[in-house]
């Protein structure tokens, strides 16, 4: 246990800080869930790529910097310190990129990774179906082999970024007689392929960055299949592991929120209730705990360890922390909480953040599913019973 | 909605207050979970009976006062205001008494109710078995008819008061081929009948007021069966209804605890954390809410209404409130919390109370079972699935 | 001592609930959201039921009812997420005007011709009042900038807070019901999600919170009605209990709905947004907490078992 | 930057844990409870493993290890609910004596011949010290009245609080494991109770609380070890996180055990009682909260993403 940065790490931090201070937009971007905001965020991805800060943990050959996980954490700390925007490329950086590196052919790596790193191609994920949310094995959209193509028919829903993105990835049933986890294949597809219809989903906040995707005999070349026919479940589980695991939510994000919450509290100190006060102090503590834990896991992985079902602990912790911090902010704002913009014209980011935080315990595997995983795989409780 | 006491109710309150002030022991009694304390509590039952305050809601013919529920609530408020001791006769007053009144023959009412009201016979309950706790239908102790007797063989556990009480009641399997809820019979038995062995259970706090009961061919006259052979489940459900329902925990108890908690807080105000402060204020609010709700239910019942699955809401609310108030007290006491007696020799009643409060969410149907009842019977969620 | 509603009160509630359930479903909210969020026809129906004049004395053309009845109807307004400014006009402004002896507008209010939006210094906005528009997260709320002339009258605040608390009960009830209905039909892992204890127990906890908030709100309404000196304490208690129950139920209901709850096409969001808005208005949680704190720890209300109805 | 324990540290922990799991099961606690609660043979075994001298410099016959190792072993002591006063003597008193430059008793401590019970003004008692006996709820704790000469030294308090936090981690781990094991074998309604989500989700929530308390405690140990100016803040953070996790796990574990958890014959109560005792000692929750509050809101520690290791 050695909790000091090396001089090289400090130097790296200074380099990130300088670049971020020079480049992070001074004004907050419009939300990425609408076309205008999406375009602004893609522009930011390209700015990041121009400084080679797009995919910092990727190998240099694919457009990354080959940073280790401690460097990645430092990068993220500085990113959130500077108030960097949300990442339009989130699905690419943390989900699809690592999946392709692990399962892709050389040709696939070449075709997909570099454009992703440059922010030229933005990816949507297409996991869920109307009948398959947390229960992903219930997938029924099918891909039928026809020569050197798959012909895809079916429906995906709740696809993040899909309203505006370029390409998508998901799993499809290639063996029509198969059930549950078998007979599924992981396929990448151009969202502009004929036969694909995108229907934007209007979300709770009114924006439409998510979409339903309808596939009507969509022909996708066989070479867009990842890791072989029938391997879809294993690949998806690995991908979902990345998502729930270390990199989906870096601690800097929550530490930045906790700091803003402290500032909000100071502005309302005179009239705030005791529980609000203690919630604010505990928010700092919990965000720090999440950071320590992430450093511990990063250290473990760098030492050759693996992250397994512990990822579910992380997902429960950060999603409930995020919701609780934003709920506390809403209560501190009182009668101002409902305003989309405050009297001074400023966007009420706490309201936006609270709404977004409500999705945390739902997506990437609901927290009910995560608690089952913790109970069964980490604690060893029996899986008997439907309950 | 008329939230004022009538002059008669105020007069009644004054009468209770005067009697309690004159009779409630000045020093706290020793815990009822040991022989010495049990005897002190039985003595108190007899004192109550001498003033005709033992079974205030019972009809006068059985030794009660025939009070209505609002009067009962006033009585309880004054009882807890005066710091009245726990009731050794709890099982008799609230569980068995009402059950006999509903299901008993005239002969049974005469034989059992009056001695109970006088504090002459103290009753133990014998619901649980080692394999049947929250799942009471799993009972296996059997009672075989032999002429005008039942011959009981089996084991009961976790029988409250059974270490020192005179009589017991419980349900037994009279039809050996029956399963679950069928073939059970409700039987009353003298705890000194040959063949009954009591093994006191040492509880978490070290005392032994609960017991296991072993039945080895115990002969009990058939006239001690309540409501007919095979009716045991229905009778027990009615009894458990009383237990979870209105009268198991009167609001006065929690209002008294909340008041003591406020006093404890005032003594620790300078050093207490904000969350402790808010928990204390909320404790008053929750105890009041419980009182209002009880008055509302009492009013409803007096108007001819019934209490059903709502009883489960009550049980969840008071048991978790009680635990939370005592937990707050433990945290306020800090390093003193672990002391069985404080430096001044006073018993640490908060510690005793915290330990006792931990049983609240467990007994009389665990809160997990209660939440299932709320979800299924009040909200209408499906019972499908073992979970 | 009788903690029941009268037959008349129950009949009143039932008739209003019946009317709303037949005419004011979620599709009405969607229409208002698209077409402009006030509808004279809905307002007229409220007038026709006598609700605008519920608390107006009979001499001024109203029904002459009290705050308990008003709170009961406010809960029904919450239950259907009513957008029209009935509560502020008829259950907040009317009792306040009566208490101040200002009776000249009462008959116009009862007849539905006059709506009142009272500004209070604790609110940074006026709902359905005049002024520069402010956008609420709730698309059915029309807010205007707080005017300089806001009142700081406590009775007005208490009326507003009590009626927000009552509306929050109805909102919470409705969100719980929506979550339950969804949990019955949404199937995952081979059974309705509502058959899993993980879902059941969360919803049961909401039911506990909501059911134990209700008598606190009714008790506060009765205390205001009876003019108890301690009424402000009971109003603050009610506002906190109802707010906490509604916040918990909103978070649980969206969780039970899963990703669907996060969409605009599921109805839940209207109720959640209204809840967030009402929790903050007419004195926020911290404000009411401080009043409760001053009463309980400061000793301004007697406490203990014998003081249930202090 | 490496947030892992060294190989040496892991080997040390494993060897101590192996020793305890082979020799110090619940039956030992029951024996001590009946026969008198200190056992020279257990003490001698601790001495033989070098634990009394863990932090004593090699020059004085010890192993010369630091606070991180001490905290790791304290957690193991919590895990087995050790009764002997190892932690107070070897992990609290020794580092404090060294910091004060008082080295004369160190070799006697390392050899097991000298035990130290340091009074601090925040504790109303001394554990395993001289004075009028006080009865703890924990039958294996020997308390004496607080002597007039207690220290008010902050470093002593921080050492005591840190080691209580570490013990609480082990206690919480053990209670969670006991609850899980019971939930696997206890059958109700036709299946192990641990197969119900109602039980699973409660236990999973405990796992979250415990796992996220751990790195906070290790970080506090490292901060003390490294002499960071902010170390007291981290100790308070650790004490609160570990206390909250242990309190939650104790309440959940007894709930999962049902009525059996309420008996003396099930082992759980020893761990619960120890937890309640340690939560209160060396600065209670409110005390440590106030330090944290002063740091975070008062600004004595820099906050934000770039200050993870401030």
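Going by the order they are written in, the chains are A, B, C and D; count residues from 1 in each one.
Note that in this section a residue touches a chain if its C-beta (ideal position, glycine included) is under 8 Å from a C-beta of that chain, and two chains touch if they have at least 3 such contacts.
Listed by chain with UniProt protein names: A, B, C, D = Acyl-CoA dehydrogenase.
Everything numeric in this text was worked out from a predicted model, so none of it was measured.
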Worksheet item: Can you name the chain that lies farthest from subunit D (Acyl-CoA dehydrogenase), using the mean of each chain's Cα atoms as its centre?
Response: C
Discussion item. Need the CA-centroid distance for the pair subunit B (Acyl-CoA dehydrogenase) / subunit C (Acyl-CoA dehydrogenase), whole Å please.
Written reply: 37
Item to complete: Provide the C-alpha centroid distance between subunit C (Acyl-CoA dehydrogenase) and subunit D (Acyl-CoA dehydrogenase), rounded to the nearest whole angstrom.
Response: 49
Worksheet item: Of all residues in subunit D (Acyl-CoA dehydrogenase), which are in touch with two or more distinct other chains?
Response: 191, 195-201, 289, 293
Item to complete: Two or more other chains in contact with one residue: find those residues in subunit B (Acyl-CoA dehydrogenase).
Response: 273-275, 277-278, 368, 371-372, 384-387
Item to complete: Work through the pairs of chains, note which ones touch, and then classify the graph as line, ring, star, complete or other.
Response: complete
Response to the item:
Touching subunit A (Acyl-CoA dehydrogenase) in the complex, subunit C (Acyl-CoA dehydrogenase) uses residues 122-125, 134-139, 141, 143, 145, 187-191, 195-199, 247, 251, 254-255, 258-259, 261-265, 269, 272-273, 276-277, 279-282, 284-287, 289-290, 293
Discussion item. Please output the residues of subunit C (Acyl-CoA dehydrogenase) touching subunit B (Acyl-CoA dehydrogenase) within their complex, sorted ascending.
Written reply: 1-6, 9, 68, 176, 180, 183-184, 191-192, 194-201, 203-205, 207-208, 211-216, 218-219, 222-223, 226, 237, 240-241, 289, 292-293, 296-297, 303-309
Worksheet item: Given the complex with subunit C (Acyl-CoA dehydrogenase), which residues does subunit D (Acyl-CoA dehydrogenase) contribute to the contact?
Response: 196-198, 200-201
Worksheet entry | Contacting residues of subunit A (Acyl-CoA dehydrogenase) [partner subunit D (Acyl-CoA dehydrogenase), same complex] | 1-6, 9, 13, 17, 70, 73, 76-78, 80-81, 251-253, 255-256, 258-259, 262, 265-266, 269, 277-278, 280-281, 284-286, 288-293, 295-296, 298-300, 302-303, 310, 313, 316-317, 368, 370-372, 374-376, 378-385, 387
Worksheet item: Quick one: in the complex, what on subunit B (Acyl-CoA dehydrogenase) touches subunit D (Acyl-CoA dehydrogenase)?
Response: 128, 131, 133-135, 138, 157-158, 201-204, 206, 268, 271-276, 323, 327, 330-341, 343, 351, 354-355, 358-359, 361-363, 366-368, 371-372, 386-387
